[in-house]
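The following blocks contain the structures, represented as structure tokens.
You will see two complexes here that share subunit A, one where it goes with subunit B and one where it goes with subunit C.
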Partner chain A sequence: MFGLLVWTSYFKPMKFITLSLLLLFTSPLLADIVVIGNLQNSNPVMSARDVQEIYMGRKRALADNAIAYPIDNSDLRKEFYRYLTHRPIAQINAYWARLKFSGHRAPPEILLDTKGIISKVKANKNAIAYINDQYVEESEVRILFVIKESDEPYQN
Partner chain B sequence: MSHIRIKSIHHKLVLTVVSIMLLLAAVTAGLVYYYEAKQAHDQTEKTLNQLLDTVSLTASIAAYSKNEQIAQDVLSGLLKNTVVQRVEIKSDEGFSLSQERQSLPIGTSVVKNLISPFNVGEVIGRVSLHASANYNREKAIQSAIFSIITSVSLIALTTLIILWQVKRQVSAPLSYVSNTLHAIEAGSVKRIPLLNSHKRDELGRLGGDINALLDTLGSQFDAERVLRKKVEVAEQQLRHIYNSSSAGLFVLDEQGELLNYNSTFTRILDNTEQANESLTTNDVFKRLLSQQDEFAILIKQALGSYQLEAHDFPLVEAGRSAPRWMHCLLSKMVDSSGDIVLEGVIFDVTERVHNEEIIKREAHYDHLTGMLRRNPAKMQFESYITNNPSANASFLLLDLDGFKQVNDIYGHHAGDQVLSIVAERLFKCVRASDVICRLGGDEFLIILMNDHDVNLKSEVANKILDSISQPISLDSDELVSVGVSIGMTDLRISQSTHFETLIKDADQVMYEVKNGGKNSYQIKA
Partner chain C sequence: MTKKLALLLIAFLLSPILQADDQYPDWSVSGFGSFGYVGTDTNSLGFIRNRTQTKSATKSGKGGGGVTTDSRLGIQLDVDFSDSLHTTVQWIARDHAGDFFEQNLELAFISWRPAYDLDIRAGRLALDTFLISDHRNVGFSYPWMRPPHDFYTNISAYHFDGADIAKQFSLDSGYLTVKAFAGYGMNHFSVGLGVFDMDMPMTGISLAYETDNWLTKAVYNYQHFDTEIPNEPLLGLINSPQLNAVMPGLSGLAPHVSLKDTNLHYMSLGTRYDDAVWLMHAEISYLESDTSLIGDVLSGYMSVGRRFSDVTLYSVYGIAHGFHRHVDVPTPVVADPALLGVQSLLDVAVNNNTPKQQSFSLGARWDVHPKIALKTQWVHYWFEENGAAYWRHLDDTIKPNQVNVWSFGVDFIF
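Take a look at the complex of A and B:
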């Protein structure tokens, strides 16, 4: 349901933004978020900690030593990071700003549409992304990790 | 008064106070240094912790993302603070970096764990900050020096003020009183002048008390001088009495050693040994009296009783036939020091004893014959029998034959002469221990003491008969002759110890001899 609203607002943003916000706050129903990878990605299923370390730049390589290519989904970014780090987006941005200033590391690329994300994952063997579970086709991508909408934020 | 060089009380006080002051300052400095060093350490630790808090988030991010560039920035930032000597930062899964200002000894150190910025409680690294050891020490030394300067100046100032006041109010007046008193001789009329500014305090009272004591001392000196004079006079008088006494006075200790004596005592004893000048009075006394068992007994008696004990002693002296007699009185006394002594008095009683001897002799002895009279003879016999109950004794009763005729023809004087010569002859026939007694007229009694020999009576009787029958030459050149009739008995024969009974028995036998032809002897059957 949440996914659908986001989806609609994506296509008609100006018209639906009020409605979507209204629905967002009146309806607590949230869809599950699925972390996906290329079908050729032969690494074992990831843990929440693995996902956090890859997305926060602590780890760059996957289990098979290939350099991971994480992609941020602008629609789900807030929920995704809240689950992973317990922190608001502003702090995540500030964190990356510091790292960027040191010139060593760049934050994950932020993509705006789910189709684009899926095609990027299909095209890059080391790509990792997260999308609403209703768009997942298991013939196209491999499911690496699932965040249930009822899950409490990750805490190691 | 002593003339030892005395140390000034004030100088001693100054020395003591200054020493204590320096000691106090040193202790204070030590304490301040110790306290300040601790304070500096705590302060440094606090500063280091605050610095760590400031950079902890950035350091955590550096450690989490393993970003050495950020870590280096953190290190240089920290090192800009002057407290910091050395910094280390370590990421558990990545780098380990450190920066240092100079290679100096490390003082205070602080270590802080780096927590993951995203996972609460997960330790991902460590930061340590080290301060220079000199930093704390310099701070402490500075504080200590400041404290020493402050405390020494304060204490010194206070001390000087107190010492000045003590000198003005106590030491100086005390020295004045002491020196003045030192110069005053005991018994003199000089006194300590009263100090105006101390009239109402302890020093004023001290001066007053000293003056009062000096007054008392002076009057006591005078009183004692008068008393001593009196005692001297009394002593001289007593000594005069003691020395001029007609009695010999002396004092003995418990062992009989001569302790003291007067001149009369010496004179009495010296009479006895004037020839020997080298002997002291003590020697003479001891030699004369140590021979006397009775004197030892007298000392024992005197020590054992509280009464005056008296005895007469003969002093046997070389070159003098008759002894001189001393009457001696002894009494036990306890002298002033608690020792037991014997006080004695001796008188020369030779004259008196001599007179007594004469009187005694006249009472006991027949003047003409020198024989015992009847009663003394009886007493001698009875005392002998009492002392020797088992002894025997023989009684010889003698009566002269033909004495009455001599008396009638030649007169009483011739009679007396015969009696005297007969007595002389009888004395020669018996032992000194036997008793010869004139019963009266021409009748005699001879008691042979301790006569156990059965034949002794007859032997003595024969001797007597032979001796008496020898002619007697009178003053008128005429020769006369007498005989003797002897009746004899002894205690065994008469079976009695009664003097009169024994005489009666001997008398009866003697009459039997008279009746039977005279000039013979007979023993009671």
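Take a look at the complex of A and C:
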């Protein structure tokens, strides 16, 4: 009863709407991120280190020695790299600027929408990508690695 | 040579299109740029980033600064024809001696990856001889305003036309890349006597070991001068019978103002550490030269930086020390002012090309946006006598032994 009184005394409609909107727009960040691959991907699963090395361009091949085709998800990029490398996007961009503009390696392609990402993974045997877990259909793509919302950033 | 390169590119560009699948060709346009101001507290030495630049930040007798030295804009076209065939073309608008369009064509190559661990590239390639020599123009990729001056001012060639082959090995917890390269460098430099159209065959080998936070690289690079610096005015003086009559032995200076048919050997070792908070670069190089005009040079630097959220604070210490043996210019038998002037001029030409400088920098980088960084840097230089070889000599009557350089600017990618 006392709790309800406290709650009602603090309840402000505008604050409630603002908080709801904030939760709505940040909700993808609060879910798990899954790293997905084509159903024919030669890796049954991947470790955090595998994913990190492929996305940083050091490791180039999948289990069958095919050249990996990593795809970035613009909505989740910040959280994904923070988990894998502890680095903000500015540092990731600087890292890839060195490799790309010296003509050595190209960074992962950045795609804007989840449907497009899933389509690309379905179409390319060597593609890997990461999306919010709520969009995964296991009949369409293979889950290679899961980053749980509660996971601490990966340590080598 | 340029026409052959263009034909080669067109041939490669067209052939894969005929057999492209739905995903390919896949192309993208991107770029990078820097706009910066650099100022100095000297009127007699002109600050340059390297010898390809035609303008120095300091203007004779005016001091001050300029925006040309640290400003440039690059645009890059990448085309994937398949998952193993790719082409890149990059052009940079910047202050560069020689042909504006041809010299600023930095990259134009075809790369083929027949296996995941093997890369073969042919065309115009960036010089990959030092830790950051192949991305010196991309300010966004490093913390400083410019690559350490004591080390990189002497590495003037940006690119060469040829091929390289790189094989990657998985080794322990990292990756070892062994690369061999060979080609022909055609670079234009701005030297005291005019534009030096430098043609040089070159070859080399590099070993690079990369882990999560470390990159260590060792390189050997051989270069040969096929062309001569524009030394006709000097040779005209040196070989003049009249001058030799009053300055006996003057003609013996001819080899000391020549580069043609001489060799350079670069040996370098560099390492970089970056754990997302601490950032360290260190590099050392020894340049062995056949000619006293360049001389042997030992150079190195060490940079340490610490990131505080979006701001990186850093310091750099650098050194370049040449091992030039002094060349005696004959003294005129008559103490005529004009002849003494010739002696002084030739002395500068043969004895002022060896760097003997050290520097200490403090600077900051602020990533205001994931693709935009603001930077500032202060550098203090010390010179030994006649050691300012990496600077333009605007007034040889004043030879400062210390100079301050300050700069600020913005780097971005798009």
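Going forward, the second predicted complex is superposed on the first by the 127 of 156 C-alpha atoms of A that agree within 3 Å, B and C clash if a C-alpha of one lies under 4 Å from a C-alpha of the other, contacts with A are read in each partner's own complex, and residues count from 1 in each chain.
The rule we apply is simple: a contact is a pair of C-beta atoms (placed from the backbone, for glycine too) under 8 Å apart; a residue touches a chain by one contact, two chains touch by 3 or more.
Given the structure is predicted, the values throughout are model-derived calculations rather than measurements.
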Superposed partners subunit B and subunit C on subunit A - clash or fit = clash
More subunit A residues touched by subunit B or by subunit C?
-> C
Does the superposition put A:N126 against subunit B (first), subunit C (second), both, or neither?
-> second
Considering only touches as defined above, state whether A:V45 meets subunit B (first), subunit C (second), both or neither.
-> neither
Which partner does A:Q155 contact after superposing on A: first (subunit B), second (subunit C), both, neither?
-> first
Now for A:N93: first (subunit B), second (subunit C), both, or neither, which partner does it touch?
-> second
Should A:R58 be classified as contacting the first partner (subunit B), the second (subunit C), both, or neither?
-> both
Classify the contacts of A:L84 with the two partner chains as first (subunit B alone), second (subunit C alone), both, or neither.
-> first
What is the contact status of A:L112 with respect to subunit B (first) and subunit C (second): first, second, both, or neither?
-> neither
Based on the superposed arrangement, let me know which partner A:S102 touches: subunit B (first), subunit C (second), both, or neither?
-> both
Of the stretches 205-213, 223-231 or 331-339 belonging to subunit C, the one that collides with subunit B | 205-213
Would you please give the residues of subunit A that touch subunit B in one complex and also touch subunit C in the other complex?
-> 52, 58, 85-87, 95, 98, 102-104, 156
Across the complex, what residues on subunit A touch subunit C?
-> 52, 58-61, 65-69, 85-91, 93-95, 97-98, 100-104, 106, 123-124, 126, 156
Going by the contact rule at the top, pick out the subunit C residues touching subunit A in the complex.
-> 22-23, 30, 32, 74, 76, 78, 80, 83-84, 86, 88, 90, 107, 109, 111, 113, 115-117, 121, 125-126, 128, 132, 134-135, 137-138, 140-142, 168, 173-175, 210, 212, 275-276, 310, 367, 369-371, 373, 413
Can you list the residues on subunit B that touch subunit A in the complex?
-> 58, 61, 64-67, 69-70, 73, 117-120, 122
Contacting residues of subunit A [partner subunit B, same complex] | 52, 56-58, 84-87, 95, 98-99, 102-105, 155-156
